[in-house]
Structures are given as structure tokens and as C-alpha cells.
Amino acid sequence: MDQIISIKPLLAVLVSLLIIPMLISSSDKPNVREGWTFTAGIIKFLIVASMLPLVLQGKEIVLTLFEIAPGASIAFKVDGLGMLFALVASSLWIVTSMYSIGYMRTLKEHGQTRFASFFALALSATIGVAFSANLLTLYLFYEILSLATYPLVVHHQDKKSKISGRRYLTFILGTSVAFVLPAMLYCYHVTGTLEFTTAGIFAPGQMSKPALTVLLLMFVFGFAKAGIMPFHSWLPAAMVAPTPVSALLHAVAVVKVGVFSIVRVLTGIFGVDLLAQFNLGIIVATIAAITILLSSCIAMSQDELKRRLAFSTISQLSYIIFGVALLTPMGLLGGVIHIAMHAFGKITLFFCAGAIYVATGKKYISQMKGLGKTMPITFAAFFIGALGVIGLPPSGGFYSKWYLLIGTLESEYKFLMAILLVSSFLNAFYFLPIVYQGFFSKSDEEPSNKAETSGATTIKEAPLWCVVPLVITAIISVVLFFYPDIFVNLVKIGLGL
Amino acid sequence: MHWQIDLIILTFTIFCALAAISVKDLLSTAILFGAYSFMMCLLWAVMGAVDVAFTEASVGAGVSTVFFVAAVFRTSRRTKD
Amino acid sequence: MLQQYSEQAGGQKIEIHSSNHSFALWRLLLYATADFPAWGDPNSPANSYLSPHYIQKSIEETGVPNLVTSVLADYRGFDTMFETAVVFCAGLACFLLLRNFKQKEENFYRHIPTGVIIQFKKGDKTLPVGKEFEHIDTEWIPYDLIIKTVCRILIPFIQLYALYVVAHGDFSPGGGFQGGVIFGSSLMLYAIAYNLRTLVQRVKEKLLGLFCAIGVLIYAGIGVVCMALGGNFLDYGKLSQILPVDPGHIRAYGMLGVEIGVGITVMAAMVIIYVNIVSIGRHDEGL
Amino acid sequence: MSEILPIIVAKYNYWLYIILMMIGLYAMISKNNLIKKLVGMNIFQTSIILFYVSIGYKTNATIPIIENAHGDSHSPHELIIHAADYINPLPHVLMLTAIVVSVATFGVALALAVKIYQRYQTLEEDEIRMRLTEE
Amino acid sequence: MINTNYPAILVLSPLLAALMCSIFSWCAKKLCYPTAIISLGISLYASIEVLMQVMDTGTIQYRMAGWAPPMGIEYRIDLLNAIVLLLVISIALINLVASYQSVNQEIGKKSNTFYAIYLLFVTGLVGITATGDLFNLYVLLEITSLTSYAQIAMGDKDRGPLASLNYVFIGVIGASFYLLGVGYIYIMTGSLNMVDVASLLPSLHGSSAVLVAFIFCMLGIWIKMALFPLHVWLPNAYTYAPTVVSRILAPLMTKVMVYVMIRLMITVFGFEYLFEKLNLAEAVVWLATIAILAGAIMAMAQKDLKKMLTYIIVCEIGYMVGGAWLGNELGMTGAILHIVNDALMTFALFLALGNIVYKLKSVHFDNLKGLFGKMPWTMAGFVLGAFSIIGIPPTCGFFSKWYLILGAFEKGAYHFAGALIISSLLCAVLFFRIFEIGFFNNEHDEHNTITMSEAPVSMLIPLGLVSLSLIITGLYSSSIVNKIILPFLQ
């Protein structure tokens, strides 16, 4: 494969990092500050997009920064997989910045500069993960991301966020240090390299099956950002954060980084062939399947909208891992492409949840009856987003679910298809009633509370800054149904399918 | 070296050391410690280390004891052990 | 009562612990000693490896018959410089730890002809000290004529002896350290026989402080001069370029200079330590 | 026993230093009074000095000052010196340093003890500890 | 001429400046501080030159007083010394710059004399690092000890002298053990020069006296570096010392002792003796493992930030001792790299701590509430230092841990690797507890907006520099390893 040395991956990572001093220096001029954020977001997207043609031609863009030890360096490599993830993250950052202006200003949140700075830092780390050429670089950006997100999660600085923050760190930092670090070092100790290659880094016969299994499990559970059970409970806890954080980070960036890392490790460190040879895929697939079903069930019982979305996210993340763990071409394709498809769908849902909160102050699903009439755009977008997550046309999510189903059929464990179908029903079961109630039931609050009534009568759509982004993401979600080629091609190139 | 002298000095050295750490008055400790240093000095002189003995006589038995007494003067003579 | 008991118990425990500790060390030491060469064996490695060189070549190379001095101030002169620095450091440390610049609350003056004692509550009022009045300690004991007289006669001789020890260190036992200590103790004797205040008035604190540093400075300075003359640090041989003396003895002169430096520092540091400890840093009354 | 006795006699200075060292160590660890501990510390240090001085000793040798050099120093080369005649000077040099170090440490430690007494009015370690827990 | 004398200048410059400071403190007080700064500047320049020379031409030997090595004292500077020298001097210089205000605040009138003792302390550290003579090392060890006793006692009025006196007792035992060990070496070989001793020892490998000599040297050094069961003096001594002193003691004192241990292990006794003739290695690695865990756990129990950090030092010492005793190249690389890294990160933490003390007077956890609001820049530096201790890439702490764990894997010492990981987790808990306190806990005064009261710029810039250097050394750790540590080990 052709390799081109270019500084662009580094630039893409650094843009949002370099913007932080600007943000801090203009902390008392909110408009200037937001201007900087947008500039950075657009530049970042352009840099990422400018590498797209090369990647689509089947070339890899590489850059080695520091050699830490032989075979372990801090290096970037842009391939199809990374490109896919970077495109999603960087494009959604622009939209989310827009959204967070509306959200944060309407709610008059404190510490907006801090918020914007750490958001930018988190994005740098996300792109860094996407473009990592080896496990060391990936781990580095993974940790930076964990730490950069902490101040965002505990943004409210109250007791509740303190407890959530603690749980967040315990799971994310704890697992990565306790599991990933030793596993990574052990890999390096055995093989002397951490480079991602499609063939994997282990020579045939170098490792026994039990050792490989332990390593694999350490990686899968170690990247707790992927929300595999039993290391999932940080995600619902992290929902105390302001909605833009939940939307971009906990639907797209952070959680997808976890999943992306696992995918990288499965495909780049172990290699599909090795996993198939030792029949290790089924172990991961089983864990993922359990997570899918359990979290879908839990999601149904949640009344707080953001928590329901969180559990939905947990189950959808496991789809991705599930797909990759099937180790069949279609399964891999479906899983990876779900990163993108789910991102657009889920972010729309989060935006809607935030918009509802901004406009009405309501967090619980039971309070949202009849809101669709006063907030039609929001609820329409919610509907599209829900379709995307469930996997129904006309939304991009359809493709990923479709490929996943084919993937299960290709594999030797055909019964796994049942899990997918059941969980899709469950998805539909916990999303569609919200939309239905929003449009078709009457709000039962109005007579009960006078103060609320006066509020309720004045309910309108959320501010423009909030509504426009969710419309954009909803539209993209639909567009992806008609033009999924870019992402499909990227995945095919990335995985060499 | 005459072993008789040697033996006497050795015995005195150990005796002084034990006495210095076990007597229940710090001023006595100071003096016994001075005596111990002097015994040490003799021992070294017998072994031919004249310079060391000279130094120990002036430093260990001399100045150290003065410091010690000065410190006891500024603190207390009392000690429990 | 209970507390006392628990203390005792604690004390015993420590003793048991320490005896165990000592026992382990004891065994370790015994174990090693069996392996030592016999005591006094002239052919043991320690006595046959390096020391013959010092013994046989010292006169030839340095011109100093006292081997201890030649090794101390020349072969291992660098060690000795730091050893002096340790003394300097001790003086400095005592000054830093104890020196207290606050004046005392009460002052006593004695009218010499009548023996009347006057007390001042606040320290700001003083009397002219001279023939009529003298500044006395809180616990004043009449001066003993015998002690005063003996010390007055003895102290100059002690100091002379100290100078002899420094100067004659090349040929006989002695040197900077011993001389410095003896000189210092003569000053201490002075303070004990009269009183501390008299010493502090005669030998100012500033002077001691400067001497303490200047001694090491002389030592290091000689080394730096050697370095400036193109040799290594403390390479006294190079001094022959500036000193009009017999080149065969140049190292001996270098050593003498160094020993003088050591003596000055040791003298000053010992007095500083003594004065600060005995007066808890107030420099007014003491032993 | 008859085999051990010569060893003990031949190296009795080495045994002595061990005894003194243990006395010093014992005092440092088990004594309660800070100044007593200091005395123990000094005994400990002198025992090591004794050890070094013992290393340098040679039987039938004299003090390390060259005889006859005094006076006829114009012709030092003619002097014939036998190493076995003089005691090894190196340990003495090292121990001069060690003695000075120990007195410096002793001075500083006494200064500290005086300071502690000023603050707590006692030198007993347990009483100081009691005062600390009271505060 | 100057070119050949750099090794002497390294040590002499602070020594002479200490003397000058002491003289100036009686007649020209204003000159003290500039003298100190200039002297360390000269020393720093010399250390850089020395490093360059060593990298170009190999080991530098400098004969003090011009006598050839086994007779006279020799300064022997190879790559390991050179890097530690650079580290020591640059930290001492930066600390002096950063602590100017803090010295005036805490020491006041005597600060001019204090600079003298500070410089003597630096002289001692530099000398220990540069010397090639076993006894010279002892003398310099005593200089550092004596100055640190004095410096520590100048801190907290109530506890300082007591902590210092305890340190005196234990320090003297440590130094005496070392001296005794040297005596045993001398009685068996007759030499005091490290390289010379190394050439004489192989024929004596079976001797019990050499074994005991080694044990005593190690015991002495371990006491001085506060390896776990022998650490009791360290937390109190460092906690009650003045800011400027704990800022230099904490990063340098223990690290220089680790350097001495490595020097004795590699240069004097040699790997062959340690790992083939002795069966101690495994026990020491276990000891280090326990030290790491015990240090981290004891740190958990503290309620005072400074004390907590001192226990973390105890924990970090376990890293280096364990790494050095793994007996393979990776472990030793990790240990040496960690000397550099740990010095830098401890320094960053203590610089930040000093700024906090300067403003708040006390660093008990209760006083730290809302600290991120009050002193954002200081806390930024603190956070970087903390990340480095936890071992989060790309800060340097991660990379030394990398080598240490790899070394442990190679040796099969999985318990040591496990301890490293667990201590990372425990440190994460420790520091995030602090972050939480600093970030939250303004519930009581929600209405009061926190006013920023940041430390002076002269204290912030050094902190900024040092914390950035954490990342830079981290990223360039491979060049340190490839250009300095590996050539040294081969």
C-alpha cells in the first residue's frame, strides 16, 4: 500500500489544541471565543476532508513524531477506518459547537470558557485516537481524552456531578491503567512492536490460546469507554454533564473512541485471522450480545430521557463490537459503519433531549406528552434519529443493521441473528412511544399545576442555535440512507475487504 | 605494644561507654563521655595513630565536652534513663 | 497511671526490637570479621596496596615527613577541603538555628565600687559600662580571682601552642584541625573564666563569621590559584610559578597555606557553635 | 574452643569495635533522652573510627612520621624508607575527617536539642510525644 | 585550560559562592542572592559542557591535586554522572529563582546566610554525583546531610527541630553504615577509588567480608534514600522543612542516593557479582514491591498535601530500587530514566505546592477548597506533575514506567509489574481526591465568587517551565535512553 508522509494528521490533531490559548485569552468576549471555536472546527474538518481523496485512492498518510522505543513510537497513520471516525467526529464538532452556544447561553451556564477549552482538548484527543498508527499512540490519546472529559462531566460542580465524576474516572481511568497498560506492555514484551497491521503482530504459534484469551479480555474490558458490561455504569452517570457533552462525547467521541480502540486492537493487533484461528471472536461476540440485550432491557425502564439514551448507546456500541467480533467481512463492515450511522442518529436524539430541556426544563419522558405539538421540528428530528438507531429506512442506520444481519448469516453462529432482531424490536419499543406520545397524547400536566400551565402555554421551539444543529444532523442521517458510499468505501479500504 | 596497658585501656573504654549511657544525670554523662573520648584517644595513641589521637584529644575530649556541658547548661540535667 | 503503663510497655517493646536488630547486626559483623586479615599484618591488602606508595614517596614527592599531613593536605587534599567545609557548615548551621537577635527583657548592672545591682525592665536603657558599672548576668556569681589570673596567664600560651601546632604540622603530629580547635578552646576558656559578654565584645560575631568563611576561602583559593596557573585543582606544584621558594618544597608551602585556612575556619566555627549553644543565640550571658 | 581463641585474640580490636558499636546502637535505639541518644551516636561513630585505625596498624612499625627527614631535607632522595617500618597513614587521614565530621554533627545536633528544649521544656522523647498529641 | 577544568568548576562554583554569600551576609547583604544565582548559572554551563564532552569523547577523568587515581582523588564523569549533574544543578538553579519570595517570607532576616547553606547543600549533591572515590563520597554525603539538617530545622517552628533531630540520628546511622562498608572494602582491597576497587574485587568474590561490605553500603544508602522499612525519617523531615528546602530535598536528595546505589552496583561491585554470586536480587525486588505499595497506601491516610507527597516519594523510591535490582538492561534503563523523570515531576509538584503554601500558609486538605478557581495556573502545573506521577502519557512518568514494567516482564517479576500498576491506580485516587477538593467544595460559599489570588509571576514561570519539561522529556525519552543510558550500560 502506498504511504505518503504528511504533516496533515498532526495539524488535524493540533488545531483544536492550539485554539485553547485563544479561548482563554478571549474569555470575557463570548462572541470572539465562539468565533475561535468555529474557526478551529471548520479548519479541522477541512484538514480531515482534504485527506479524504488520498485515502479513497487507497493510500495511507503517515507521520512519525517521536520514537519512544524500537517499535513503539508516537506516530500517525490515516487509513480508511481512522478517516471514517475522524470525519464523523470533526464534522459533528462544528454542529455541536453551534448547539452548545444555544444550550449554554440559554441556560446561562458558568465557566463557559473552561467548557469550550476542554471540549477542544477532547476533540484533539479524539482525532488523535482516530489517526493513531500504533497502540501506544492510541493509548496516549485515549488517556488524554479520559482526563479532558472529566472537567466536562463535572461541569456543574455540585455534589451529584462529583459522585458521577468519581464513577466516571474510576471506570475509565481505572480500567485503562489496570488492564490496557499491562496488556499493551505484555504485547510489546512478546512481539517488540505495537504497530497496527492487518495481519496482527503476533507470529503464528507465538502465543497459546489461554494467554491470548486473557489478553483479549483485558483489552475488551480495559477500553471501558466502549461501555461493555460490567464496565458500563459510568455512561449513565456521566449524563449529569451538560447536553452538548452528552451529545458529542457520550454519543460520538468518547464512547466511539472506546469502540474504535477495541476494533483497532481486534483487527490491528490480534488480526482477524488469528482470532478466527483460535475461535476467539465468539467470546467477544457473546459478551457484546449480553450487553446488547441487557442494556436494551434496562433502557426501557428508564424515565429520564438522557439516561434512556445512555443505555441505548451502551447497547448500540456493543453492536459494533458484536459485528467486528463476528469476523466475517459483512459483519466487520456493518460493525464499523455503525460507528458513523449510529453517531448521526444518536447525536440527533441527544440534541433533541437538550432542546426539550432548554425550552421546557423537562427531563423525564413521562412529562413530555403532547410536547410534539408545540415543538414539531424537534420531535420530527427525534423521530428520524430514532429510526436511525433502530435501523429502519429512510435513515443511514438501516445499512449498518443490514450488513450486521448478513454478517451473522455468514458466520457459523447463525442464531446470533436472533439477538439482533430482538434487540431491534426492543429499540423500537423504547423509542417510538416517546414520539407517539409527543405527537398524539395530551399533556396531563396542564390542569394539575397552574404555574406549569402558564409556562406550558408559552412553550415554543428551543432557540435557533439549538434547533438548527439537530435539523442538520437529522438531514445528514437521512442523506446517508441514499448516499452511504463514502463510508462504505472507507471501511472497505480500511479493512482491506 | 604492651598488652597489659592495652587491656586496661580497653576495659576502661567499654566501662566509660556503658557508664556514659546509663548514668542518670546528663552532666555526669558529659564528663564520662569526655573520659570515654580520652580513653579512645589513648587507645589510638597506643596504636600509633598519633594524629588521630591528637585530634580526638582536642576535639572529642575537649571541645565536644565543652559543647556538651554548654548544652546541658541550657537544657536540663534530668534524664529518665 | 494507665498511660504510664502503656509507655512502659512501649519502651520494652522497643528494647526487644532493638536487641533483635543489634543481634542481627552482631552476627553479620562477626561473620565478616572471620574473613579479615590478621590484625597488624603488614602484608594485608590495606597495608600493602596503596600505603607503601605514600610512605616511600611522600618525602620525595611532597617534601613533608609527617605522612598523615602529606596525605591529608595533598594526596587527599580535596577531601580535606570538604571536611573544612563541613566545619564551616556546622558553624553556619548553629548560627542559623539558634541566633536570636532580640534583646533581653531585663538587664542587670552592677556598680562596682559599692556592689549595688541595678535592674532595667526594658532593654532599651543602658548604662555606660566601664570602671564604674559593669553589665552582669542574671545569675551572677562573684569572679574568682584565682581562676581569672590563671586563665589570663595561661591563655596566651595556649594560643601560642595552637599556632605552633598549625605551623609545625608538617613535621610533627598536628595541623590545622588540632591547632584550630586548641585556639578555639582558648577562647572558650576565656569566656568561661570571665563571662560570655566579655568574649563577645573582644571577638566580634562579625569577625568570627568572616573568619569562618575566609578559612575555607583560603583553602579553595589556593586550589583555584593552582588551577589558574595551569594545573589541576589544588595542584600545589604549580605555585612555584609565583612563589619564590625551593621547588622541592613548594608542596609543603602549599600545605602550610591550606592548614592555616583550616585552622582559621575550625577556630571560628568552634567558637560560633559554643557561643550560640551556651547563650541560646542571644550572645549575652552564658556559662 | 582452642581454634576460636586464637582468632579472638588475633583480632581483638575488631571485636572491640563491634562491642562499642552495639553499645552505641543500643543507646540510640532504646534510650529515651535525646542527649543520651546523641552520646550513643557518638560512641557509634567512634567505634567505626577505631575500626579504621585498627586497619592501619602494623606490628613492629612506628608512627607515620618519617625519621631523619627533619634537618637533612636537602637530600631526600638518599633516604631509604621501608614501608613496613611505618604505620599505614591513609586510615588515619580518613579518620581525621571522620572525627571532624562527627564533631560537626554533634554540634548541630546539640543546637537542635537546645532548640527542642526551648520549645517543649523537656528532652525526653515520650514527654515530647505526649505534648505533641495534646496539641 | 578551562576546558579541562570543568569537573572542578562544577563543584567549586557553588562552594565558593557559599563562602562569598557567608561573607556578604556580614558586609554587603544585597549581593548574596545574585552571587548564588550566578554561581549556579556557571555551574549549569559547566555541566552542559561536561555532558557535551562526555557525549563526544567518553568518560572524563579529572585528577584532584594532580595525583593519579588510586593515590589521589579522581572525579570521573561518564554519561550517567553527566545527566544527573545537569539535573541536579538545573533543579537547584530553578528552585532558587522560584523560591526568592518564599525564602523572604519564611526565613526572613537570615535569608542571606541561608543561601550559603543552600549552596553548600548543592555543592554536596554535585560532589556526590561527580566523584569517583568512595571516601570522598562519604565526606560529601555528610555535607549534604549536615546542611539538610540545618535547612529542615529552619522550617516549622514546633516540629522542624524535632523532625530534623530524628533525621540526624537516622542519617548518622546511614552514613556510618556506608563508612563501615567502605572500611570493609578498604580492608579487603586496600583501595578507595571506585574503578580501582572494581578491578580488585573479582578475585575476592567469595569473601564474606566483601559481602558484608556490600550489605553495609547498601543499608547505608537505603537509609539515606528512605527505602520502605527505613523511610520513617523522611515524611516528617520533608513536611516540616521550609518550602524552598523541601522543594530541593524532595526531588534531589533521594534521587541522588538512588544514583549512588546504581553507581555502586554497576561501577564498583559489578553486575556479575550482584546477580550471579549473590542471591539477593529477588528479595530486594520484593522489598521494592512492598515499598511501592506501602508508600502509596500510607499516602492515602494523609490529610496534608505536603505529607501525602512525601509518602509518594517513598513509593517512587521503590520504583527505582526495584528497577535497578531487576538485573536486566530494561529495568536498569527504567530506573535511570526514572531518576530524571521522578526528579522533574516531584520538583513540579513541590513547586506548585510551594506556591500554594506561599498564598494559603497551610496545605491541609480543608484549606484547598476552590483552589482551581483561586490559583488556576499553579494548579495547571500541579495537575501535570500529578499526571506524570500517575503515569499518563505523554508525561515522562509514563515512559519510565514503560521500561520498568517491560523489565519486570523480562525478569518474570510479575509482582513488581503489578505493584507498579496498582501504585498508578492508587496515585490516581490520591490525586483526583485533591482535584476534587480543589474543583468542588465551594458549597458553603456559593454566593461568593472566588477571587483569583495567584502566586507571583516569578514563582509561576519556573513552574510552567518545569511542567512543560515533563512533557518534553517524556516525548524525547527515547533520545535520553538511546544517547545516554544505553551507551552507558554497554
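Letters A, B, C, D and E mark the chains in the order given here, with residues in each chain numbered from 1 onward.
Definition applied: a contact is a pair of C-beta atoms (placed from the backbone, for glycine too) under 8 Å apart; a residue touches a chain by one contact, two chains touch by 3 or more.
All values derive from a computational prediction rather than experimental measurement.
Visitor: So which chains are sitting against chain C and chain E at once?
Guide: Both-contact set = D.
Visitor: Compute the centre of every chain as the mean of its C-alpha atoms, then state which one is farthest from the centre of chain D.
Guide: A
Visitor: D-E versus C-D: which has more C-beta pairs touching?
Guide: When D-E is set beside C-D, the one with more contacts is C-D.
Visitor: Could you tell me which chain lies farthest from chain E when each chain's centre is the average position of its Cα atoms?
Guide: A
Visitor: Hey, which chain is the most central one here, using CA centres?
Guide: Chain nearest the centroid of all protein C-alpha atoms: E.
Visitor: With chain centres defined as C-alpha means, what is the inter-centre distance between chain D and chain E in Å?
Guide: Measuring from centre to centre gives 29 Å for this pair.
Visitor: Starting from the mean Cα coordinates of chain B and chain E, work out the distance between those two points in Å.
Guide: 37
Visitor: Determine the centre-to-centre distance between chain A and chain C, using the mean Cα coordinates as centres, and give it in whole Å.
Guide: 74
Visitor: Could you state the distance in Å from the CA-based centre of chain B to that of chain D?
Guide: 11
Visitor: Among the residues of chain A, pick out those that touch two or more other chains and give their numbers.
Guide: Expected reply: no residues.
Visitor: Residue numbers in chain D touching 2 or more other chains?
Guide: As it turns out, chain D has residues touching two or more other chains at 12-13, 25-26, 32, 54-57, 61, 63-65, 90-92, 94, 96-97, 100-101, 103-105, 107-108, 110, 112-115.
Visitor: Which chain C residues touch at least two other chains?
Guide: Those would be 29, 33-34, 36, 44, 46-48, 50-51, 54, 66, 68, 72, 76, 79, 83, 86, 89-90, 93, 97, 173, 177, 273, 277, 280.
Visitor: Go through the chains and record each pair that touches.
Guide: Every pair of chains in contact is listed here: A-E, B-C, B-D, C-D, C-E, D-E.
Visitor: Where on chain E does chain C make contact in their complex?
Guide: Going through chain E, the ones touching chain C are 1, 5, 8, 12, 15-16, 18-20, 22-23, 25-27, 62-67, 70-73, 109-110, 113-114, 116-117, 120, 123, 127, 133, 135-136, 139-140, 142-143, 146-147, 149-150, 153-154, 161, 184, 186-192, 200, 207-209, 211-213, 215.
Visitor: Write out the stretch or stretches of chain E touching chain A in their complex.
Guide: Residues of chain E touching chain A: 387, 390-394, 398-399, 402-403, 405-406, 409-410, 417-418, 421, 424-425, 428, 432, 436, 439-440, 442-443, 475-478, 481.
Visitor: Could you please specify the touching residues of chain C with respect to chain D in the complex?
Guide: 3, 7, 10-11, 14-15, 17-19, 21-22, 25-26, 29-30, 33-34, 36, 38-42, 44, 46-48, 50-52, 54-56, 58-60, 63, 65-68, 70-72, 76, 79-80, 83, 86-87, 89-90, 93-94, 97-98, 171-173, 177, 248-249, 266, 269, 273, 276-277, 280
Visitor: Spell out the residues on chain B that touch chain C in their complex, using ranges where they run on.
Guide: The touching residues are 50-51, 53-55, 58-59, 62-63, 66-67, 69-71, 73-74.
Visitor: Show which residues of chain A lie in contact with chain E when the two form their complex.
Guide: Its residues touching chain E are 65-69, 72-74, 136, 139-140, 143-144, 147, 151, 154, 157-159, 162, 165-166, 169, 173-174, 177-178, 181-182, 185-186, 188-189.
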